[in-house]
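Scrolling down, you'll hit the structures one after another.
Here come two complexes built around subunit A, the first alongside subunit B, the second alongside subunit C.
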Partner chain A sequence: MSPDRTPAHAAQAPAPAPPGSAGPAPAGGGRPGRGQDVIHNIGYRGYEGPRLGRSYARRALFSQTLRGAYGLGRSAKSKVLPMLLFAAVSVPAAIVVAVSVVAKSDDLPVGYSEYVLMMQPLIGIYLAAAAPQAFSLDLRFKTTPLYFSRPMERGDYVAAKFAALAAALFVFTAVPVLIMYAGALLAKLGFADQSGAAAQGLVFCVLFALLHAAIAAWIAALTPRRGFGIAAIIVAVTVPFFLITALQGIAWTSDSREAVGWLGVASPGTLLDGIQSRFLGGTSQFPGGQDLTGAQGAVYLVVLAALLACFYALLQRRYRKAGL
Partner chain B sequence: MIAIESLSKRYPRVTALDRLTVGVEPGVTGLVGANGAGKSTLIKILLGLAPATEGTASVLGMDVATQGGAIRERVGYMPEHDCLPPDVSATEFVVHMARMSGLPTTAARERTADTLRHVGLYEERYRPMGGYSTGMKQRVKLAQALVHDPRLVLLDEPTNGLDPVGRDEMLGLIRRVHTDFGISVLVTSHLLGELERTSDHIVVIDGGKLLRSSTTADFTQRTAVLAVEVTDTDAHPDGTAALREALRQAGCTPHDPGPAGAVAPGAGHLVTLDLADESVYDTVRDTAAHLGLGLVRMEQRRHQISEVFTERSAGDVA
Partner chain C sequence: MYNPTVARLTYRALLGRRRALILCVLPALLLVVSAAVRAMNGADDAVASQLLGGFALATLVPLVGVIAGTGAIGPEIDDGSVVYLLSKPVPRPSVILTKFLVASGVTAVFSAVPVLVAGFVLNGNSQQIAVAYALAAVVASIAYSALFLLLGTVSRHAVVIGLAYALIWEALIGSLVGGAKTLSVQQWALALAEKVAGSGADISSAVGLPTAVVLLVVVTVGGTLFAGQKLRTLTLAGEE
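Right after this comes the complex of A and B.
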């Protein structure tokens, strides 16, 4: 006897509705011919529970993508790289803390946001792995039509995926910051000082995650090929950074101090570096540890906002016609 | 279920749908058309994903132009192409898709287990889908379209790429979606014979225009034909011609054999006549016996839906 032949009345219990669900009541409950005739109903039961709609679907897609960015809910093989990288950015933070505890110094040897900037290469690799995982695969395997044939709109899909990638990147950068903060408190460094600095560090993590997620998401959404995505993202986050750093070095040695600041606006890494040194209490890695002038700081902020808006708009545009 | 009123969709260079007016009742409806006939465009519009150039359409009583989201909540869609990521299992994938349709997680899990069982996936549903056969993949695709218990499913070429056995199983499954699950089905295909076997109603479109819309019974039975083959005897060296003549005198309407070159191989020995009612069988038997001819076979032939296309192209020539 096949399991399909279960008598209908044995399986008649309605699906449980979670309490307090805000979804709309199911429309049109009565369907002719269902559940009235036990002989013809060989085990199929309908669903009369709540349908939670777009915002729920958005959240579900967000959490699925966020988990996927760390390989959770995927094969064991796909957990290896994210977890290794995660360990690689976190362990040095613990070492930094340990050193300052042992040496009984009165401040951490590396600032919170500076630490994040130092870890850029590792973060870049993680980003290059996570963004294509979140965006390219749905395009490659043509899963997007299944999303768009459901209540969510294209904008919901883009928003959920982008938010999940940014959140994954935030976790990736914020955990080392928190490790350092915890260590700083254990080493009995000044509580007020460290809390303020750590909070600024977390704000920096947010900005860092948003900008890099926006750039990487757009690149990943352009290609259904994962390999291309990985390569293009690594190029996009490293090449401009090194180029600009080299140009800044040239500007510095040829004594045009102000040009160093202006040049920094041209790559994501130096842009964020400038912002953290100007507004978030850090020291820049610009040649000579130079700080930005007031005008430069304002321009940096405007450029950051413009880049975010621009890449997010490009991402939306990419999905306007994709799929189905 | 679906009401389409003079719906047109024009792209800059192509007219995909041209003032299409058709209604779809509950049940299994086959949408037939050659590639490029406008089937996929029609599905896109019905899901509220592409605006129509003119005309209106409603699905489940909701307007596609303004209530797309509400329609998509109660409609399932199975795309024509592959759409399954290979590195996740069918269970995980369908649960995720159920949640995307708005089902709470626990309900999504229950519905997934139920639906995968109904489409005939058992132990293999825990394995990554990359290793599935085409038939299993088609079942998962069907399952994700059914998992949120829609009132209507749109199946785009569900038998694509299946071998004959897989095809039969899929067609049987589609039939059950309506008879057992109570879900109406709109299924597209370019193979008419398939839809003949599953659908209650057939809609034929060609070049974005409605060619015909009627029940499957109408398509196949109204035009039923009886084919008769007889032996030749000494008295009647050409038994076929003699029978045809005698039948005509008996009040039946045997078809003209047509010009010699146009007759299909073997058909020269067949008399075909319209099967108006049961008494035709008796008339044929009596006539053959009277002439002393051996009755080799007498079979009812159903017109294949494909003849709709031939009829039309013949009409175009005329």
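Right after this comes the complex of A and C.
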């Protein structure tokens, strides 16, 4: 009995204290009128510390989303999939380097941006897992109104989340490129050549990450269901790619060489492939390894810019009313 | 064993709202493309085989299978509402069997029918190519449904794992490592198509027909049985 009683006493003992101590507290806070116009003054004190403001909130949301995309700061189970995919995309890069060292070749067997394109299925699955994690769950658990009740604007939320997703994707693609670059330097494959190629590869990673993050972010923001978001993103990223590749194969066999290049505009994967082969010194994966003509290259760049702007605008538009 | 109420609920979960839309987009895309190819190129057996094999059977069928197979049970387990279904006096294997029938029916309708139509559009079923690929699509959709339904009961990441299997194992590793093709639903279905189509149709599979049929039956029956067992001992995980 006595252990039961002691907490009761303990709870009672300080009970008279709060009215005494909390009563003057608001008055002592420098606002004299406080306490008379409230029905219950239960002694909560206002926050008087520094306000960190919009830019801090943006940075915090960015870093939280970026960490969340790799499962950091989340449960051990949710670290498994991103880390597994990250290993699956990085280990072959080390193997590529090892092959070129053993074979004593004077160049890497696979180009930097070519490697990223080869890994597209893995990157697509990582993207499909990461984007709904970043966007859909806030909608599903209705946390967006909590964000927007802070000084943070809608534009800030969209910008921070999009930047974080793009950064996560950039890390996912750039680390294998850097592994290959480091391996190429260790194998003494020619510093100037490899540095130039790796820099082009990194530029390609930036373009790749921005375009794919924009598409995936918009799709993920449309649905509060994670499974649905994953399927929709995979469909949007892979189906056009397979379709266009099949059509290019048909165009190639039926001798309309010009059409191969024009068809490539129609899917994100082939669009980036064309850009890297035309402007970033890569080899094309198009049938016959065909390069773009000058006009096609210009159209590819315009389409890339238009897609980025369009999907970002759609994402902004989506959050005008999201979660309310 | 077939429970009409469970079937109705599953149909509504699969085809209600926007899900039906995403299921319609893929077949529509296939039909539009095959019409365009026919208009540009004329009837050509090699082209038809390339499009139906390279796009329809390699991409369309697995994707529809993942969406329908995992969608039949995954969301219910995910949000916990499967408890209300399981607390009813319906045997759990019969829940799984009903969901499997519905999922394979939906997958077949949304993949095999468009493949058949696309085959007729592309080359008017010359050398039985349309029928062969449609049959392969039906068989593949049954096997995929059983496989992905099982995944849906085993893991919360069923969609990701299913896609990884369909895209990475079958497409990427299958093209690099020959042996991986033996364990590929797509190749088993192709073995059937190879048998049905004419000799000049240029359909080739990495596995023989008897192996393919045995493996298809094993995967379908085994997957459904195991999913039924899994549902009997289901523990609901909280939100991570």
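Some notes on this structure:
As a convention for this text, the second predicted complex is superposed on the first by the 276 of 324 C-alpha atoms of A that agree within 3 Å, B and C clash if a C-alpha of one lies under 4 Å from a C-alpha of the other, contacts with A are read in each partner's own complex, and residues count from 1 in each chain.
Keep in mind that, in the parts below, a residue touches a chain if its C-beta (ideal position, glycine included) is under 8 Å from a C-beta of that chain, and two chains touch if they have at least 3 such contacts.
Nothing here was measured: the structure is a model prediction, and the numbers come from that model.
By the touch criterion stated above, A:Gln64 is placed in contact with subunit B alone, subunit C being left untouched. Touch criterion met: A:Leu247 reaches subunit C, while subunit B stays clear of it. By the document's definition of touching, of the two partners only subunit C reaches A:Leu81; subunit B does not.
Shared-chain residue A:Lys142: touches subunit B; no touch with subunit C. Residue contacts after overlaying the shared chain place A:Pro121 against subunit C, while subunit B stays out of touching range.
Note on subunit A: of its two partners subunit C and subunit B, the one contacting more of its residues is B. When both complexes are overlaid on chain A, the residue A:Arg317 reaches neither subunit B nor subunit C.
In the superposition on chain A, A:Ala231 makes contact with subunit C only, not with subunit B. In the superposition on chain A, contact is made by A:Arg45 with subunit B only, not with subunit C. In the superposition on chain A, subunit A positions 74-75, 78 are in contact with subunit B in one complex as well as with subunit C in the other. Within the complex formed with subunit B, the subunit A residues making contact are 3-4, 15-18, 21, 23, 27-28, 31-34, 40-47, 49-54, 56-57, 60-61, 64, 73-75, 78, 137-138, 141-143, 145-153, 324. Here subunit A touches subunit C in the complex through residues 74-75, 77-78, 81, 121-122, 124-125, 128-129, 223, 225-228, 230-232, 234-235, 238-239, 242-243, 245-247, 249-250, 253-254, going by the rule given at the top. The touching residues of subunit B, counted against subunit A in their complex, run 26, 44, 47, 49, 60, 69-70, 72-77, 79, 81-88, 92, 96-97, 99-107, 110-111, 114, 117-118, 128, 144, 148-149, 151, 179-182. The part of subunit C that touches subunit A in the complex is made up of residues 18-19, 22, 25-26, 29, 33, 37, 40-41, 44, 46-47, 50-51, 54-55, 58-60, 63, 66-67, 70-71, 74-75, 78, 157-160, 163-164, 167-168, 171-172, 240.
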